[in-house]
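First chain A sits with chain B, and in the next complex the same chain sits with chain C.
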Partner chain A sequence: MTPDISAFSLLIGAVFTSNILLANYLGMCSFIAISRDINSSNGLGMAVTLVLTITGLINWLILQYILIPLGIIYLRYIVFIVVIAAVVQMLEMIIDRLSQSLYMQLGIYLPLITVNCAILGVALFIEIRQYNFLQTLAYSVGSGLGWWLAIILLAAIRKKTDKSPVPEGLKGTGITMITIGVMAMGFLGFSGMLAVQ
Partner chain B sequence: MEVILTSVYIAGISAILSMIIYVTDKIVNNYGDVLIDINNQTKELTVKGGASLLSTLGEQRIFIPSACGGKGTCGACKVVVTSDIGPVMPTELPYLSPEELKISTRLACQVKLKTNVEIAIPDELFNIQQYSAKVKSIEQLTYDIREVRLALPEGTDITYKSGQYCQFEVPPYRKVKESTFRAYSMSSNPQDKENVEFIIRLVPEGVVTTYVHELLEMNQEINITGPFGDFHVRDTDAVMVCVAGGSGMAPFKSIFNDMLNQSTFTDREIWYFFGALTTKDMYYLDWLWDLDKKYENFHFVPALSKPQEGEQWNGEVGLITDVMDKYLKKEITGKREGYLCGSPGMLDACMDVMKKNDMDPEKIYFDKFA
Partner chain C sequence: MNKGIFIENVWRSNPIFMQVLGICSALAVTNLLTNTFTMTIGVTVTTGLSSLTVSIFKSLIPRRVRMIIQVLIISFYVIIVDLLLQTFFPDISKSLGPYVGLIITNCIIMGRAEACAISSPPGTALWDGLTAGFGYMAVLMCIAFFRELLGFGTLFGIRIIPAEIFLPWTIMVTPPSAFFLLGIIIWIVKPILKKQGVEV
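So, the complex of A and B:
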């Protein structure tokens, strides 16, 4: 059953109330690794949004027109991840060819997100929650924007914690994990706005 | 049944995706043929663009050190790129020091070949190879000096600077139980990449020279490794003071022919002192006198240290060092560079004379094989 929720609410919900990163804890590795620098964070956020949107839609099409008709939904994990890998690789080639400056900004991060669990996570959520096409579009874009927002916020905070008197043992990843936890609690405040499932 | 079907589906989907990627790769990633210019035209490769510099060079059998295999995590595959190929990527930055950035060092695995590039790598990285060459001609230049010409195996070529040398490998023979290696300067023109030529003088009791003079036959295969050495013409406008004795003629034959070919021969004053005992030890005289006559800037000064009575000789007489000393004091002035090739004793004697004539020892070049 397709859930009864408008695409717009789904978009807002995906950004704030059920942020793929801070509510589902997906896409954590590149989130922590890249958030050291705000420019790279921006590029990576853009790349994740782009890839999420494209792979979300392609995977939805494959699910609807190949996996379900053939009755092989159990193959979704393999199929989704292979599709993601292929799409990312093609995107990298195309962006590299089209625009050098765009490639410098986000293309170089593309290989990093082939194995980003947020991308696979979104594809699987779409399947589990049985979104229709519009909802899929909204949810994919929203998740990407949410991820982007989260990494920008974290990069900004890390800029501050880098200069703050952090206890020796918590420096680096330690304080970052705590920061993410506090951010997640902050985002929990949005959850009263609307329920997205 | 289900197992088989599943495998078929997976294989099918993977195959379709691979095909799409392959087609995209062929269309989007097709940058056509790209020219890689290594070390200022020492070697030029025409390759297919689209892949990383590291893997492309690897396919051309030029192996840039890399520990991670091109993932951009070890920072070992540093290469100086002298042409403009766009800004350094964030993935490279962590591995490059400010000094390296200044001379535009890049990570070969992160540089994608899209246009022609000029790169600089240490010579020894790509140049040195072993060749199983075939003896093409042997010419007796004097009673104890042979000119040996070798043809490299078909499909291979050698790139070197005139003045460099190769290691000769001689198999065990007679009482010699092991393969023996000796270095000899190449006398051939670097333009000819398929053949190399050496001038080898018979040294009494010399393992390799004896072999070359007594046993080496036409069409025989012999292993050489190279090129090696730092003896080559420096690109300055200083006067070249070249001194050679015996088979030390070899690198100069190569250097002069190379300069003639590149039309740089007339760019500067060149003095060539060549020492021998008697006229019987002289060779290539016609060629050198011709050059002397033809080019005003080239001065050939041969000298005999022990001329025999009754010999026809219109050159200098005396030790080559004394003759050179005379000229350095009188005729050769201004900025000077020394180029020496000969026996270690001769090299030392020449160095002394040059230093006494206020030549900068840093600008006296030679390769000591001993």
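So, the complex of A and C:
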């Protein structure tokens, strides 16, 4: 759609104006389940950013050099999801070997990521918007950072709402949804800054 | 077909009320009823058929790799849905964008496959998958109804509120409204469920 947009504004845009979670609703499931606790939110956010960057680039390469030349683009869903599952599995093994402390911090969240819609969503957005390599890199990193930022913010707010007098029926998921809504409104304020679609 | 499963899946343990599962792939298309309807039909069909398939082949699937096999079965049906949409409804397919593909990562489908299909006969599994889809559809259509009515003054693209007296609610067109509406729906539904003795 906008092939001439610079990589830098794409990065900033992906973090703020079109936050993958708050504007595109992707990655909600693990977002709501994990955001009770700041430490695990941080770990998951880091893991998502890492996996997003790697899979975004690999999927772009596969798309450009295998799927498009062979004309089998309709197989992209299966290919993307297999790549994501394989990358997550390999990362888990590599991190396990390299550093036990990092594994404790990141490794336990990795299996959750395979079914995180944000990862597949970014791969599909990259395909639809026809980004080039640099744009793909910027968009993947930016989306990961945006997701990370959103989950930490929500975890911090939820710490407060857990202790607040919330109406009976709204307790739990209800108030969480309303909170995310308010956050999304806040992020909407950035949309004047940059228009990235 | 079994009525108990229908009530259980659509009302008593509707995946959206209980755990807010599976909204990732569909909340984004709730701004227009037509899109939501197409999308949720896609989810329902995929859930039903993949539950059926998992159930038929359950004795052949090794336990250790069952997740990846389930994902492959689901992607197979999603590709079919996507190709059908592209052929017969190219406009809707275009406006749904990447969200059709994202049905694959919808937690409800995996959830039904794991919770029911892997241990039930094919008929039950199919019905269980379809009803889970209906429950999901009911909630999302409800959200889309308000977003389209208040955001555009239309329903299924047909003008309901005359343009002269209609003041569009800009918030309903933007992403936050879906979160608010979902929160409000949960707020309304939870006390009713509690009164009926369902553990929420």
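The definition used in the following text is that the second predicted complex is superposed on the first by the 195 of 197 C-alpha atoms of A that agree within 3 Å, B and C clash if a C-alpha of one lies under 4 Å from a C-alpha of the other, contacts with A are read in each partner's own complex, and residues count from 1 in each chain.
Rule of thumb we're sticking to: contacts are C-beta pairs under 8 Å (C-beta built on N, C-alpha and C of every residue); 3 or more make two chains touch, one makes a residue touch a chain.
Fair warning: this is a prediction, and the values are worked out from it, not measured in the lab.
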Chain A superposed: clash or fit between chain B and chain C?
fit
So, does A:100 touch the first partner chain B, the second partner chain C, both, or neither?
first
Touching partner for A:156 - first (chain B), second (chain C), both, neither:
neither
Is A:181 in contact with chain B, with chain C, with both, or with neither (first, second, both, neither)?
second
In the superposed arrangement, which partner chain does A:68 touch: chain B (first), chain C (second), both, or neither?
neither
Touched chain A residues, chain B compared with chain C:
C
Under the stated touch criterion, which partner chain does A:83 make contact with: chain B (first), chain C (second), both, or neither?
first
Rounded to the nearest angstrom, what is the minimum C-alpha distance from chain B to chain C in the superposition?
8
Touching chain B in one complex and chain C in the other: list those residues of chain A.
75, 78, 82
In the complex, chain A residues that touch chain B
40, 43, 66, 70, 72, 75, 78-79, 82-83, 86, 89-90, 93-94, 96-97, 100, 104, 108
What does chain B use to touch chain A in their complex?
5-6, 9-10, 13-14, 17-18, 20-21, 24-25, 28-29, 86-87, 89-91, 112
Partner chain C, residues of chain A touching it in the complex:
22-29, 32-33, 74-78, 80-82, 85, 114-121, 124-125, 127-128, 167-170, 173-178, 180-182, 184-185, 188
Chain A partner, complex, touching residues on chain C are 19-25, 27-28, 67-68, 71-72, 75-76, 78-79, 82-83, 97-98, 101-102, 104-107, 110, 171, 174-180, 182-184, 186-188, 190-191
